[in-house]
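The next block holds one structure in the form of structure tokens; read it before the comments.
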Amino acid sequence: MGTQPRSQERRNFLNIVLGSGAVVWLGSLVYPVLRYLVPPATAATDVNSVRVATVDELRPGEYRIFRFGRLPGILFRMEDGTLHALSARCTHLDCTVQFDEEKQQIWCACHGGVYDVNGRNIAGPPPRPLERYEVVLKGKDVFVRRGETA
Amino acid sequence: MSRIYDWFRDRFDLDAVAAFAKKKEVPLYRGTFLYYLGGICLFLFGLQVLTGILLLLYYQPGENTAYESMKTIISRVEFGWLIRDIHGWSANLLIFFAFLHMFSVFFGRAYRKPRELTWMTGFILLALAMGFGFTGYLLPWNELAYFATRVGTNIPGSVPVVGGALLKLLRAGDEVTGATLTRFYGIHVSVLPALFAGVLGLHLLLIQVLGMSVPPSQERLPPEERRSIRFFPNFFLRDVMVWLVILNVIAVLAVFFPWELGAKADPLAPAPAGIRPEWYFMFTFQTLKLLPAHILGVEGEVLGILGFGLGGLIWFCIPFIDRWEGSHKVSRAINVFGVVVVVYMIVMTIWGYLA
Amino acid sequence: MNRIRDAARSVLPLLATLAVVLPAQAAAGEDACTDCHLGMDESKETQARLFSHWADDIHGQVGLSCADCHGGNPEAFDDEDAAMWNVENFTGAPERTEIPSFCGRCHSDPAYMRRYQPEAATDQEAQYWTSRHGLLLKEGQDKVATCTDCHGVHGIRKTDSPLSPVYPLNVPETCGRCHADAAYMAEFGIPTDQLAKYRSSVHGVALFEKRDTGVATCNDCHGNHGAMPPSVKDISKVCGTCHATNQKLFESSKLGQIFADEELRFCEECHGKHGIQKPSEAMLAWEGDGVCLRCHTDADTGPREVAGAIAASLGKLRSHLEEARAEVQHAEEKGMEVSDLLLFLEEAHDGLVKTRTSVHTFDPAQVTRAAEPGHKAAQEAIEGARALVENWVFKRKYLLVFTVLTLPLVLLTYLKVRQMERS
């Protein structure tokens, strides 16, 4: 090392510092890009279909509230085994509805609104029906799909 | 390092390339900093390509997915906001520096023989860049973009004879719809990049072959008094420094002045107040707004568009208008013309924002 | 009766056209009734009362005419006796005490009504006679409401028309015409502040301001034709027609049992009847606006503890929700995308509503259990909001790191350039 002239030493030193500085700097660029490339956990860009449950999880008479993007939905199984899905936001004052196993109807606990299995408002204060969703079975999974807005 | 160089040198005539590169020089004088401008544009374009490709990995074009995928990018994808904001800021800076570069070339008469083609390819690049801006602006499919595009595509629609066909071609239909979005997307990510890359390659080759232009003020000096520095590696390393600073500035802008997404486009909703095009179109927009409805029996807007077309053509052909036959005299008329154009654009842009 | 109907039916098509097209006081009478009565020198008020809205009247629209209700001969032009006095079935304008049976001639006849409205009820008159109005009318008190007072006369619209006085949104003011008139009601000795109280109540605000046709109005609790204030033991059931959960929980609670035994007025005791306000924890306070003190005293430590525990549970959830709202707003102000968190806030609010309902069990353990989902949702909103704000801070930290790395690099590059150029 001592055989090199001072200027050469300085040049080497500068090269090393510059080189390592550049590498670290590049690292600070590459790191965000790499993290960016990893897809997010819930890649829900447009929530048009949601996996809600497995086929065995809902017995007749049971229901589950799930989330459709920002909106609550209800998936329920009737006595005859058929699965139905509706929007769960009551059209009266936005409470979350539930499934009344006894009456085989959708019921809102807030003010007693009642909807039939197709979402039609049949009793109580609700002024409009609930939006219907499509239930799709894929293997053992139950998906709920929202139709395209007309 | 040198072993790799030797490997290539054994197969390709690297020495000739190195000699070729060594030839390029940048005049060293008070205005040397202006020679950074082109490099900055190149850097920003590279940044756009990089961030654009990254955005492509998550963006989904289409009326029902564009806005939603943008929302995912900026709120759910890690550093998605950063990539998007860099892309947005870099786009605006690119056009801004392109204008600066163009005007500095204009006033420095760098378009003189033999660099006429360089000027023309440069002008085409500016037009393509503004095309990038216009098409890219629609892609988030948000309220502002939708209405700005509606207004913006109306303007070529007013061109006589071909206007109607042009409008339909641009919009992929009569109205701005999801089909327009698809078309703009295709243009933005394949047509324009291909064109831009081709013309840019030509532009850079011309610069490399013809060397850096020397401004008239330097040309007048006797050869001994003219100073210059080598482009590779001296000026280039300085270029790199400038690029690093600019990247940092963009990062600051991305963090402290993020781009809003706003509300999703709703074609059935009335247009919100204050619809404007992006700033680089503002001067044309404001001019057209000020023109009276009819001038000498012709629609004001049509005259305005034709006027801009003519102006653009003149500007494009400046190397042939500003005859230069060996004299080093700088035409005052051209200077005045240039100043009038710059002032006009600035005034109209500011006016457009104040209105 | 049958003769009138037969006569009417034979000229039905003609009359139908006429009745619908007849403009107020403009057309020359197409039957004997309107022919005379329109041209008569009756006061403007009378004319207006008789004819101005006939085109809107449902009876006219289905083809009925003056004679169908009032009797007489509509074809006997210019002959008063032949048109009215000498006709056997002519009733003319009925006395107020006769109005219910007058309308009931058709409306209580299922066979007749089946032709015009097969699904309509035909028990209105029967119900009416059981109502307070009906009972008083039977005794000869004719200041009470009869059919025409609520439904109008000669301009009766279908009840689902927003212009009908008995359309849900118009009911309170229709009832209020009498019941809010202190001078008119003086001899009956009942309050006249119901409409005023109702206007300021939760139900009134929903009806008058939010135009909610599903909200409770006078007839939903008192009945339509059989209107009567609900008896004490029925109050819970009446409120329970909408507030079913509250009714169920209260009736099976210990307090509910006591109310039944003591014959207290159930829901009304705590919530009032006409001026019901939005409930809050303040109702459980053992002071000030607290409703418990209406029966209990300061010495009742047991009940006081129960009320206190329940109020505490409610208050805890409410402030948790408020905290969540504040955190989400904070994140939003920082420019972060908070729309996913809004669903948690809605869930938390939903939980608060359910917890408030569970108050009716008057069992602190149940209330605390009911509050758990709401707490969970509120906490998720808070954590989500905090994560967003952390992200905001992280952005700035990262920028700082990047700048700290860039600037020295620029400097080093400059030094390298200088070094290169010196040699």
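Order of writing sets the labels: A, B and C. Residues in every chain begin at 1.
The rule we apply is simple: contacts are C-beta pairs under 8 Å (C-beta built on N, C-alpha and C of every residue); 3 or more make two chains touch, one makes a residue touch a chain.
Treat the numbers as computed from the prediction; the structure is a model and nothing was measured.
Relative to the centroid of all protein Cα atoms, the closest per-chain Cα centroid is that of A.
Between the interfaces A-C and A-B, more contacting C-beta pairs are found at A-C. Centres computed as Cα averages put subunit B at a distance of 62 Å from subunit C.
Spacing of subunit A relative to subunit C, judged by their CA centroids, is 37 angstrom.
The distance from the centre of subunit A to the centre of subunit B, each centre being the mean of the chain's C-alpha atoms, comes to 40 Å. Multi-chain contact residues of subunit A (touching two or more other chains): 32. Looking at subunit C, one finds that residues 339-340, 402, 406, 409, 413, 416 touch two or more other chains. Shown for subunit B are the residues in touch with two or more other chains, namely 71, 82. Residue ranges of subunit C in contact with subunit B, taken from their complex: 335-337, 339-340, 395-396, 399, 402-403, 406-407, 409-410, 413-414, 416-417, 420-421.
Remark: subunit B residues 54, 57-58, 60, 64-65, 68-69, 71-72, 76-80, 82-83 touch subunit A in the complex. Those residues of subunit A that touch subunit C in the shared complex are 7, 10-11, 14-15, 17-18, 21-22, 24-25, 28, 32, 67, 70-72, 92, 94-96, 109-113, 124-127. Considering their complex, residues 71, 74-75, 81-82, 229, 233-234, 237-238, 240-241, 244-245, 247-248, 251-252, 255, 258, 261 of subunit B touch subunit C.
By the touch rule above, subunit A contacts subunit B in their complex via residues 32-33, 35-40, 42-46, 48, 148.
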